[in-house]
Structure formats: C-alpha cells, structure tokens
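One chain, chain A, links the two complexes that follow: it is found with chain B in the first and with chain C in the second.
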Partner chain A sequence: MKAIRIKLYQNMVNYKIPSSFQLKETYPLPPYSTVIGMVHNLCGYKEYQEMKISIQGKYHSKVNDLYTRYEFKNGMEFDKGRHQLQADKFGICRGISTVELLTDVELLIHIIPENQDLIEEIKNSLDFPKIFPALGRWEDLAVIGEVKIVEIFEEELEEDLSLGDNYSVYIPLKMIKDGKIMLLGNGNKTSNQGTRYKLNKNYKKKDYGRNRVIRKWNKVEVVYSSRVLAVENEKILLDSDKKIVFAV
Partner chain B sequence: MLYLAKSNPRETIQEHTDKLLENYNILKDIYPNLEINWDILKLACIYHDLGKMNSKFQKKLKTGKRDKDEVAHNILSIGFVDTKRLKDIFQIDEIRVLLQAIAYHHERGEYDLEKFEEELDLMKEEIKNFVYDKIQIESLKKPSIKYFNNSRIREKENEELFYKYIMIKGLLNRIDYAASSDIKVEIENVFLNKSLDSWREKKQVKWNELQVFMGKNQNENVIVVAQTGMGKTEAGLRWIGNNKGFFTLPLKTAINKIYERIKDEIIEESYSEKIGVLHSDTYSEYVNLNEDDLDIENYYTKTKQLSMPLTISTLDQLFNFVFRYRGFEPILATLSYSKIVIDEIQMYSYDLIAYLVLGLYYISRLGGKFAILTATLPEFLLDIMKEEKISFKRAERDFINEKVRHSIKIEEKEINAEDIIEKYNKNKILVICNTVKKAQEMYQKLIDNNIEKVELLHSRFIKKDRKVKEKRITELGKIESKDYGIWVSTQIVEASLDIDYDLLFTELSDLNSLFQRMGRCYRKREFKEETYNCFVFNGGEKKCSGVGQVIDRDIFQFSKDILKEVDGKIDEKKKLELINRVYSTEKIKDTKYYELIKKNISYVKKIDDYEKSKTEVRNMFRNIESVTIIPKKIYRENKIEIDENLEILEKVNQKDNSAEERKALRREKELAKIEILKFSVSIPYYAFKNGTYDEMIKINKYEILYIFDCEYSKDVGVSFKNKKNKIDPFDC
Partner chain C sequence: MEDNKIKIELSDWLYNAGVVGLYNILEHNGDKVQIKDNFLEFEINSLENFEEKYFKYFIEKYEKFTSWYKIISFQNKIEYWEEDGFQNFNEKSLEELNSYIRDVLKKYLKSNSYIAAYDLINNDFDIKLAEKEISTINLKKNQEFQDILNNIKLMIEKIIKIINYFKEDESKKYLAGKNVMYNIIKNGWNGVCFLNARTKEKDMYIDYKKYFVDSTIEYNKVKKDKFKYNCFLCDREMKDLNNDLSFLNATGFDTKRKSSHVWNFTNDVAVCPICKLIYSCVPAGINYVYSKGIFINDNSNIDSLININQKVRDEILKEHETNNSLTYRAMIIALEEEINDKVKYELSDIQLVRYDEEKYRFNILSKKLLEVLRSSRDDLNKLIKTGFNEINTYFNIYEEVLKKIMNGENLFLFIHKLLSLKLSKPVDAHYKMSHLKSMMYINIKFLKGVGFVENIEKDIIDSANKQGYFLRTEYENRNSENKIGGICYRLLNGLKTNNKDMFMDVIMNCYLYIGKTVPKIFIEALKSDENFKTIGYAFVSGLINEKDKNNGGSK
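Take a look at the complex of A and B:
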C-alpha cells in the first residue's frame, strides 16, 4: 500500500472548532475534514474519494487576533441607524471578534487513497497546485515543503518507537485500546494523559425535503498527545522512513 | 573498580545489595506464605541500587556536591532490568510492578526520557567494570513503555495490581531501610504465648471468658465489648499470639503505661528484641528508661522501621497510609501480615474514626487482621464498617460482670460548688467539667469557700507540674489510700488514669464519655449503699459547658433525654443498653457528628493516590490546632536551666566524631530537650493567636517554643488574659 506524505508549513492559522463563535477557537492540529477538503480542492474532485489520513506536527505558540465578524439573523430587517451592511431588505450586523491563531505550524500528513490509482494524480496536484494551497481558513496559506510517495506496511517493533521532532499527533482511539500506542505519564501528578476529541472526517448529504440538505458528519474519536510511543512487540503501521502512520 | 552505595560508612553497591538479600531471606523465612511473588521481590532487591553506578552519583559521594544534571539513581536503575529475558518468565503486569517498585523506591527524580537515555549511554562503560556474582549485566536499555510508562499504578485503574505493587514496593523499602541501618527487617515473634503462660502461672489465675474467647478467635477479625478491669490488654495479647502485632491506643500517656506494664510484667527479659513503643516521642521514652546497657539508637531504629514483633502505637503512626501519600507502601505492606488491636475506640474524634474505618478496610483487604476491644461500642460504627465492606466477627455476648458499681443522681441544674461542699464529708471526690475554663472556675469557687484539700488538673499545666499532679491524683485514687480530698478536672482523666474515687460530680457531656468518667469512681468496688455515688449535672434549662463545641449538640440532647429514666443503681448491662439506644444508626444518622464521619471518609477516598506528600498528610492527620509555649513567668524563673540546656542543643557533631560519640551526643541532646519541655504546655491555637509572645526558642529544625505572655500558677495552670474567645473543640 502506498501513501502520499506531505510536509508543510503555515505561519499563522486557525483550525476552527465548529462550536466556537464568540472566540474562534482552534484545534491544535488540523482535523481530518480540513485536510481532506484541501486535497479535494487542489485535485479538483467534486465527489468524495475515500481516503485514510494521518496527521502529526507541532506549533510554536498561540496568539489571539481580531477579525471582522458578520452576524446573520433570521429575518433581520435593514436598520440604517445600526452598524449594518445592507443586503436587499435584510441587514447584516458587522463588528469585531477574536480568533485564536497557531504560529509556525509544521505538519506531517499521510494521505492513503483507497483507490491507489489516484496516487500519482494527487502527488501531481500537490506538486503543481492549480490554485494557492490553504489549510484552515481560506487565508491560511500552506507552504508545501515535500511531497513524497511512501510505502506503508505493518511491522512488529523490536523496541519502542517515538515520533521524534517533538511532534504531537491525533491517535485514533482504537490504537490505544489495542495497546499498540501508549502515552507517557507525568510522574506523580495526574493520571490523565492527552486530550480527547471527536473530529469530523467526511460527510454524507442527507435530504430532509423542501430543499433542506444537511451534512451528516462521520466523526472519529482520537486522543491528542505529544508523549507518544509505539509499543515494542506490537504490529504497527510504518512508512518507508520509519514514521508511524496513525491512519484513520 | 569500586562503586559505592554509601559513603559513611563506606559500602559498595554489591555489599549493600548483599545485605538486602540477607534481609530478604529473613523475611521469607518468617513469612513464607505471604501472597507475593518472591522472585519479583528478590529481583527488586538486586536491581534497586544499580543506578548508583553512574559517575555523577559516584562523584557526589566523593565530593558531597550534586551535579545539576544528575538523574536520580532510582530511575536509572530500571535501565538495568533485562525485560527481554524476564518477559519469558513473568507476566507483563509483574514486570510493571517490578519496575515501578524500583523507580519509586525513593520519591525523587523525574523520568525525562532524553536525559535518561543520555545517562544510560554514559553508563555503558561502567557496566564493563562492575562485577557482581548475583547478576550478569549484558546491556542497558530504556524499558518499553508497556513496562514503565511513568504513570503510577492506581487503585481506580487496577485494584489487584495496585495491591500487588504495594506489597513489592513496601517490602523493598522495608528491606532496604533495614539493610541501610544494620537492623533485621523483621524479628520473629516466638515468645508471646509462652510469656503469657508464665505470667498466668506466676499470677496464679485462669484465663477469664474474654481471654478465652480471644484465644479461640485468633484468626478472625473480632469486635468485642468488654468492661474495664476484664484484662483487655492480656486478652489482646492472647489474640495476637505468636504473630507480629500492633496495639493502638489514643493517648501517648496511656501507650507508655501499657508499654511499660507489658515490658515489665509479661515480657520481662530482652524486651528490646520483643516490644517497642511507637509515637512522636519514642526516643524520649527510650531515653527515659534510663538503662545503661540499652543501645537506644538501635532500639529506636528497630521500632521506627516496624521491625519489632510487638509495637504499642498511636493511630497516627500507623493509619496515615489511608491517604496513600507518596511513600505510604511500607506501612500497609507490613500491616498486611500483622495483627492489630484497637483499644479505647470511643476516645477517637470523628476524623480519626474515619481514618480508622478506611485503614481497617485496606488492612483486612490485604490479609491483615484486626481486633477492636472497647468498653462501649457505638452501634452505628458497626453499620459504617459494614457499608465499607469490612468483614468482622462480633462477639455474641459482651464481657461484663454483674457487680453494681454506680448509682446515678441526675441533677437538673448547672454544676456548682455548694452541692459538692455539702457532700464532701471527707470523701475522695472527683469533679469533672467539660472545659478547662469551667474547671478553673469550679476550683476557684471551692477555694473561695475555704474548702481544704482541693486540687485542679487539666491539660494546661506545664509538663513538670502536670506530672506531679497526675501522680498525686493517682495516689489519692488508690484504694489503699485513707486520705481524702477534692480533685477538679476535665475529660483528660477519662482514660489512662487508674484511679478510684468515692464520689463523682460531673457535667453531662455525652453518654459514652459519662460512663468513662464514672469508671474513675468505684472502679472495681461494688456499691452497696442505698444512696448515690455519681452526680450528673445536665445543666437544667441551660446547656453544659462545651456543648456545641467540644460535644455534639444532638448527642448531648439524646444523652440528656435518655438519662431522665435513670435514677439510682445502674449495672453494666443497663449502661450498654443505653449506649446502644443513643448511638444507634437510626438515631445518630441525622447528627452533625455522623455527617462529619461520612464526609471525612468520602473526602479521603477522593484524594488521588500519591497526590499528597508525607508531611502534608502528617499535619492533616493530626489536625494539629495547638501551639507549644512556655509561660513567660516560668521562663524567667528557670532561665538559667533552660539556657544551659539550649547550649547543649546547639552542639554539633565534628567530622571526626566516632559513631559512639555521635550516639552519645544525640542522647545528651534528647535529655536536654526533655528538660526544656518540662516547662512547656500546649495551648489552643486561637488562644495563641489572640495573645502575644516575646521570643521563641528553637529546639530543633521542626520544633519551636514560644515564650508566651499569659498568667500561670502552679495551682490553676495557664489562664488567658483575653477572655472573649470561643471554646476550641480540643480544649479539655
């Protein structure tokens, strides 16, 4: 099995947590849906191509910035006296709010398309993008460093294997339950390790009739952590450079 | 090349480890049936100090300076364990226990993977030079995360594994400490049955029913109600038999007395191999024995390390493990193969009751046994223990005799001097008040009425005076004494004083404590007259002193209500029946007292394993709300003596002092400390805060004495200038 492995860099970026509005919070790494969206966009796919993704990386720090916030209220009529934009007879409130930004993000992403015939095509679209690549918000440019086709295989480890480079990673919960991946504790302090997220991956459209089509998201349970080791004597997915693949 | 484990005296890692293995064998010989994996414990002993091989540690031993990059040896030692080989012999969980026990055998150091691996690399050179017949070191390796993940084994995650870990880690600690201080990890109890038998023959008595019962039920957790004077101490010892035993009591004075009695009457010879006394002043107690041949240092170490076959102890020395603080394992591991007698349970406050219940749960869970021997047993306590899933055998009957010793008169009024004076008639009278303040008032009134032979005893006398007073109250309280007099006191006489007075005048506190107080009047005599010998003042319309603070308001009220049906003679059976009615779960469960016990239990349970340090727990456990002072006046009068002793305390060991000289100095210092403390008294914290002090004396790193500005007299004790204070719950 083959995968396309991308190394990319972003200067300042927000991977928005869906339910955060007043302050746009960010995930510590891009969620699967965001990565899948970027790949589909660059390749020009109009239909979902089944693919497995593994995401690891790091960021330097987190800052807050202002952004222009538009508020749409159902049936809000335009009111001249208020700070609004006019859209026909409706009014859109405009104001400021805050967004969290990660700085100096470095990512290592594995893309494993189910249809392995797409490998070359995807690599090509990433090497020579038709439009500027962005990950996160549209203005969050992604500087693609390396695109490499790698072989993916299962290997029984001689000894524990770490991520290296101080990377953090989304670990699919199953890998922890199966005992393939373990987290390093922090001594006496607490028994809790890592942060659990339910991340969006892909969606199916569901038609509720009367023009109402809603995206039903397939969610994936993961643990986000930096103190991660693949366990000796376990069979682990690796790429040809001995990087652990956390595909989901 | 030599790798040292210790610098003073010099000892190599190999020598030290050999000593551990000797102690390992001692333990295994005495307790071959412990439910532990002996091979794992042996490996723990062999590997535990190998990390000391690293050059930074060796340099530290030579120069005394610590390298800031040093990785703690306990952490480094786990790099030596050859998990590749062990995994064919042991299960993963067993190897986990082994590595955890080694890594945390000291509570220091951090497991920083990078630094750890760097240090291991540096040591690869050292292992080539390290020769030891017990172990072949092939390589060094960071253990896989499946064996050691730097996260402790916790009770909530895996109860069984947690207990396994406690045993291995706790016993490794015990063995290690013993090897370091050149004592045996355990001294086997092979004498107690024999000692008891020869004591019985000498006294020419038969075992009474209680003692027979305890002898029969040596293998059970038992709860027994037995009246004072039924020989509870001997009964407890018979239950312990030839096993490792602990005897817990609430008060240090009581503990010292029982210790001395068992030592002198039952054990007789070579007691320093058989029985120890364990509380915060163990050392003083041993110095006070005044025996020239005794190696105090060695005896003290054996006691502190829990190596003695029989130990008389306070609850706080043993039961603070319930907080599961960092380093709690040795105590619980030891108790898991011991038998623990709990005496005078009614004396414990709500927080100690909570710790006791939790402690008994863990001890019985790990295989230890307990016996609760008590004069009165609050029923609700049994229910709490059942709720906590502690199994025990309750003796079918209570061990009491038929003798009627008391006749109660309930007085619907406050305690007062007139009633006492009226009944004085050259009797021996004991007056017990609920608070020190009330006792001082009563004393003053009696003195103002020119009554002869009135004396006062409470907790606020300096040690020296209190000791004299305790002796005098005991002298008068002896049956043989033909003298008479009035002693005004507080609940401090409830336990530990073996006295027998003719008449008791007491404020009502609660039923339990009332019956304890009555135990000081007609202690063993039968009361045959048609009059009364106990006068209980229930305050009438008012409350007695201390109610609501020292004494639970509801329980006071229950006691007051139920006593309305009592007038005249009362036997032991009736007393127990009343107790059962007042302290039934049904009745008690809505009181604040009960709520506090339950809250405390769930609070302690909620504390995370290893969350707290030992020091934190020590302070929480004792709930210390008092300050030790020397009254200003006393200080001035005795300044020369105090200063002389302070000079001794300031002495330090010279580098070239021999071990003998060091021991002698410690003993000298301890004596000096005892001399100074004779002038001290502890007072409630609130009183201390409201007063002023001129200076303070430093006894040692931890103990400070304040020269406090307060009134003091030999007759009345400490009285405070500031009177507006509330009463403290521990003021008695």
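Take a look at the complex of A and C:
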C-alpha cells in the first residue's frame, strides 16, 4: 500500500473547533476533515475520495489575535438600525472577535487514498498546486516542504518505537484499545494520557426536507498526545522511513 | 448507553466548565459520581430534585456574598448589644443600627427580586408590613440617650422578627436563591428559564426543573431510534434542532438572524437536553467573585480539571473573606499547588479563561510563563497591597502586573507609567520605589523567560538604582532638588522613545553639574535595548524622591 507523505509548515494558523463561534478556538493539530478538504481542493475533486489520514506535528505556542467578524443571514435586507454595512440591498453586521492561533506549526501528514491509482495524481497536485495551498482558514497558507510517495506496510516491531522531534499526534482510540500504542502516562496514573477529541472526518449530506440540508459527519475518536510508544512485538503500520502511521 | 446512567465526556472549555459545575453540584450533595479518564458517569436518579441541589450549591458556596447574608448576619451585633443589656450601646452603635436599617433592610426588602420571592414563601408573617414598621431612630437635640433606648429596643425586636423570618429554611431557599440567581448564575447564562424576564413560572425551582431537568429525564427515557438529528457536541440522537446555544453568555449566536456562522446558512448547531443541562451548570464550574470569573481549562483529564478549579474556588472564597478580591492571586496559589503536587506533570499550554465585564477573555499559559510566575513569587507578593488611582478608579498593581505578564507584555511601559505618576501626581500613587524595583526584577525574569535577554543580571538594577539615589543626594547637597523632577521627565522621555542619545545627554549634563564621573553602569546600558530600559528605569526610580512626605506620596 502506498501513501503520500507531506511535510508542511505554517506560520500562524487556526484549526477551528466547530463549537466555538465567538472566540474561534483551535485544535492543536488540524482535524482529518481539514486535511481531506485541502487535498480535495488542490486536486479539484468534487466528490469525496475515500482516504485514510495520519496527522502528527508540533507547534511552538499559541496566541490570540483579533479579527473582523462579519455576520449576516442569507438574503436579509439592509436595516439601518441593525446593520453596519450595506451590500446592495442586503445588510451585514460587522464587529470584532478573537481567534486563537498556533504559531510555527510543523506537520507530517500521510495520505492513503483507497483508490491507489490516485497516488500519482495527488502527489502531482501537491507538487504543482493550482492555487495556493491553505490548511485551516482560507488565509492560513501552508508551505509544503516535502512530498514523497512512501510504501506503507505492517511490521512486527523488534523494539519499542516512539515519535521524534517533540511531535504530537492524533492516535485513533482503537489503536490504544488494541494495545498497539501505549501512552506514557505520568507515573503510574493511567489517566494522564492526553486529550481526547472527537474529530470530524468526512460527511454525507442529508436532506431533512424543507430546504434543510445538513452535513452528517463521520466522527473519529482520537487521543492527542506527545508521549507515544509503539510497543515491541506488535504489528504496526510504518512507512518506508520507519515513521509510525496513525491512519484512520 | 445504559438507561440508568449518564456518561459525559469532556469537550471544549465552556462545556468542561459545565461538567465541572455538574460534578461540583452533585458532589456537594453527596451523590455518587464516577470519574474515569475523560468522562464522568452518574446515576440518572441523581437528577431527582436536581433543582434543589443546583440552588443549594450556589447558596452554600456563595452564601457570604449574598444580601440575604448581610441581613441575617446583623444578629450577631444585636446579640452583642443585648448581652449586657445595652450598657455599651453608644452613638456609634446607633449609627451602625441606622445604617443597617437604611442601607440594608430598607434597601433590600423592597427590591423587586425579594418582593417576587415573598409570594413563594409559605409563611404567615407579613414581611411587607414589617418593613414599613421599621425606621431609623435619631437622637433629638434635647434628648438623652436613655430616652430613646426603649425605642431602640422595640425596633430591635422588630428587626429580630424580620431576621427570624429570613432564617427560615424556606425563606433562605427563595431569598438567597434569588440572590445567587442574579449575582452568580446570571454570569454564565441568561435569557431563558428563570432568567427570562417574561417567564410564566414564578418559582425558579420549578422553572429550572421544567426547563432543564425534566427534559433531560424525559430524553433519557424515550427510544431514540427514530430521531433524525444528532447533538452538535456529544453526537447523541435528537428529535429536533430547537436547543441552540444562544442562552449562554458570549458564546452562541442568533441562529435565526446570523446564519452565516454555519455551513450553507443551515443551522445545525443544536444540542441535546443532556448537554443543555450541563451548560446550565457552567456557573458552578467557573469561579466567580462578583462579576469576575476564572476557569482553568486543564483538560488532560477530568480529575485534574476538577481539582485545580476547586482549588481556585476555595482560594477565591478564602481570599475574599479577608476583603481582598484578587482573583489572580487565588489562581496563582492554586496553580502552584497543582505544580507542586505533580512535579512530573507537564502543566503547560493550559487555557485560562477569565470572565470580566460580560466578556470571556483567554490567556494561554505556557510552561515558560508558569516558571516566570513561580520564580517571581516573592516579588509578586510584595505588590499585593499596592495600587494607584486613575480617573476615579483604583487599580491594583499586582493584578495589573499579572494581567500584563500573562498577555505576554513586558512591564516597561507600565513601570514608565508608574514612575510618571509618582512624579506628577504622588497623591494617587500608593506604592514605593522599592515596589517598582520588584517589578523590574519580575520583568527581567519575564524577558529571560520569553527568550529576549540572556545576560541581564539582577544586580544591574540594584547598582543603577543606587546611582540614581547618589545623584539625588548630590543634588540635595547643592540645594537643587527642584531640578530633579525636570531631569526625571527628560530621562523618562528618552527611555520611552528608546532614544539613548537623549538619555545620555541628560545624564552627562547631570554629572557635569555635580562634577563627578559618569558611573560605569551606563556603558552597560548602551549594549542593548533591554539593558537600556532596565538600567534607565532603575536609575530613574532611584532618582525620584522617596522621603518626600509633604506631597502625600508614598504610603
């Protein structure tokens, strides 16, 4: 099985937590849906291509920044008492709000398309992107460092393997439950393991009638942690450079 | 999911605050709550009478902040007077009694929230009438104290009746309940249920039960196979999308009028009744002092999340009894304990949420900042009782310094401001130059912490400070201390604009005047901007007079 591995860097970025509307909070690493979205956008796919993703990386620190917030309703007419901006006959509210930003993000992402014929195409679109690559918000430019096709195989580990470079990772809960991945807790307390998230991966549109189409998300339970250990004698997914792949 | 248990997982910070709140409420009432890793679990039975538990928690935790407590606590005073048959009752006591009647009883008993609560209390005592019967007692010109003593005793009897009425269980339940409703709960959410101004149900307990609790219990009972929607937060199945988040302060958005927040303008931000119940517990999770609040979102696991916030709460309430509303201090103490508890534990990158002026503000504490705070503890503590007035407002320096550090700002600008204030309006400056020195020490640690400077040492502050002082004495010996103010202004201007030439010009001038060599320390100052500012401010703070009490400066 082949995968495309990308290394990318971002200066200031927000991977929005869906439930944060006023202050836009960020995940510590981009969620699967964000990465999938970037790939689809760069390749120009209009339909979802089934793919597995593994995300690891690190950031330097977090800062808060102000941004201009525009709020409106589709087709709502301008009302001088309520709206600050007039766009033709429509009205928009403008104000400020805060956004949480990660600084100096470094990511290592594996993309494993189910249809392996797409490998070259995806690599090509990442090497020569048609538009500027962005991950997170539209303005969060991604500087793609390395794009490499790697072979992915299951290997029985001869010795314990851990993450390098101070990286953190989203570990699918299943890998932990199967005992393939251990989290180095603090002392013997098993609870100090990391932060659990339910991340969006992909969605299907669902029509509820009366013009109501909602995205129904396929969510993945993961643990975000930096203290990761792949246990010896367990079969685990690795790429050709012996990087652990946490594909989901 | 089992039907007789509810399992709740952690999520974003506000939800976590709700989870902590729910835990606090249940735990306070002795219900069993199980904590595992990232979720807590409790029996659905715990929700019986949850409305009582909900209010009980707030009333008991925040009792001393309520106006209800102000009213009943006067009993101690009365007992003290009665003990020796009013022998020690003097004019001062009379004034105390009068101000109690005027500023407490008369004021609160007639307040709308109390009047609304009286109807709910099942008691024959006519409190409205009792309120009318009390009035202040004044000593008239030709009257002796003994003449009015009987009046006073009669009045006190009436007051005792009112206090007794207030002390009844049911009165406390509703009156103190109203207090916490408007003082505490309102900080978390607003506009629905009993905080909806047009609510039909007058009894807030029943209102809460109907709005939050019953729907949860009901939801837990029904089969959810046919539900089409999913909860935005916990993914549980839901019947409709009617529960939005706009009742939470500064969180949700108007789903009807501002749909640009959601994908394709179709609102899918709706929560299940369980999540809504949890959100209603947010005020029990965030720690409030009046309208300020603090919550530490240490969400690596539920245990530490609950622990650290309980510590903050205890510290805040304790601090407050000594009449000191330093919310940050409580947080620092709690954080320190937490760090000491788990040395191995990486307590970093935790989100600190402040609620202030009806807005949430966020800080993220990095490990380095925590270290700075920890190692500056002694210097910080020196600042606790210092402050300054500006435009009729009192600012506490301790709080301001912490705010700045946690925002990642250095203190130069603040030090500058305090120095200028000391020069221009010493009456408003309730601090000494030594406090500014402490701030400079903190600032150095901060600059080092964020990686700005490597080689600044503490002693440059001391020696620059001393040089300032020496220069001052020289000026005083020549009876020219009037010139110092002007010199300081010019030096400060140089410092603020980072203008080393201007600064050094003034320095040279001064040393020419006193006929001495310029101290070596100023060479150090020319090495970097940080050195320049540190040394410069330390020098100026030595130069500004400390002893000048005529101006009412240092306290």
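Rule of thumb we're sticking to: the second predicted complex is superposed on the first by the 229 of 248 C-alpha atoms of A that agree within 3 Å, B and C clash if a C-alpha of one lies under 4 Å from a C-alpha of the other, contacts with A are read in each partner's own complex, and residues count from 1 in each chain.
Please note the rule applied: contacts are C-beta pairs under 8 Å (C-beta built on N, C-alpha and C of every residue); 3 or more make two chains touch, one makes a residue touch a chain.
Computed from a prediction, not measured in an experiment: that's the story for all the values here.
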Clash-or-fit label for the pair chain B, chain C on chain A: fit
First (chain B), second (chain C), both or neither touched by A:212: second
Contacts of A:73 with chain B and chain C, given as first, second, both or neither: second
Spatial angle chain C-chain A-chain B, Cα centroids [nearest 10 degrees]: 50
Partner chain in contact with A:159 - chain B first, chain C second, else both or neither: first
Which of chain B and chain C A:19 touches, first, second, both or neither: second
Partner chain(s) touched by A:183 [first = chain B, second = chain C, both, neither]: first
Of chain B and chain C, the chain that contacts the larger number of chain A residues: C
Which superposed partner A:232 touches (first chain B, second chain C, both, neither): first
Chain B and chain C, minimum CA distance [Å, superposed model]: 7
Overlap of the chain B and chain C footprints on chain A, listed as residue numbers: 186-187, 190-191, 193
Complex contact set, residues of chain A against chain B: 159-160, 162, 179, 182-188, 190-191, 193, 229, 231-233
Partner chain A, residues of chain B touching it in the complex: 110-111, 113, 141-142, 144-146, 149-152, 154, 156-157, 326, 608, 610-611
Sites on chain A touched by chain C in the complex: 17-23, 25, 61-64, 70-74, 76, 93, 98, 100, 186-187, 190-196, 198, 208, 211-216, 219
Of chain C, residues touching chain A in the complex: 9-13, 15, 36-38, 228-230, 232-233, 235, 245, 250-253, 256-261, 263-266, 268-269, 299-304, 342, 344-346, 349, 360, 362, 364, 366, 408
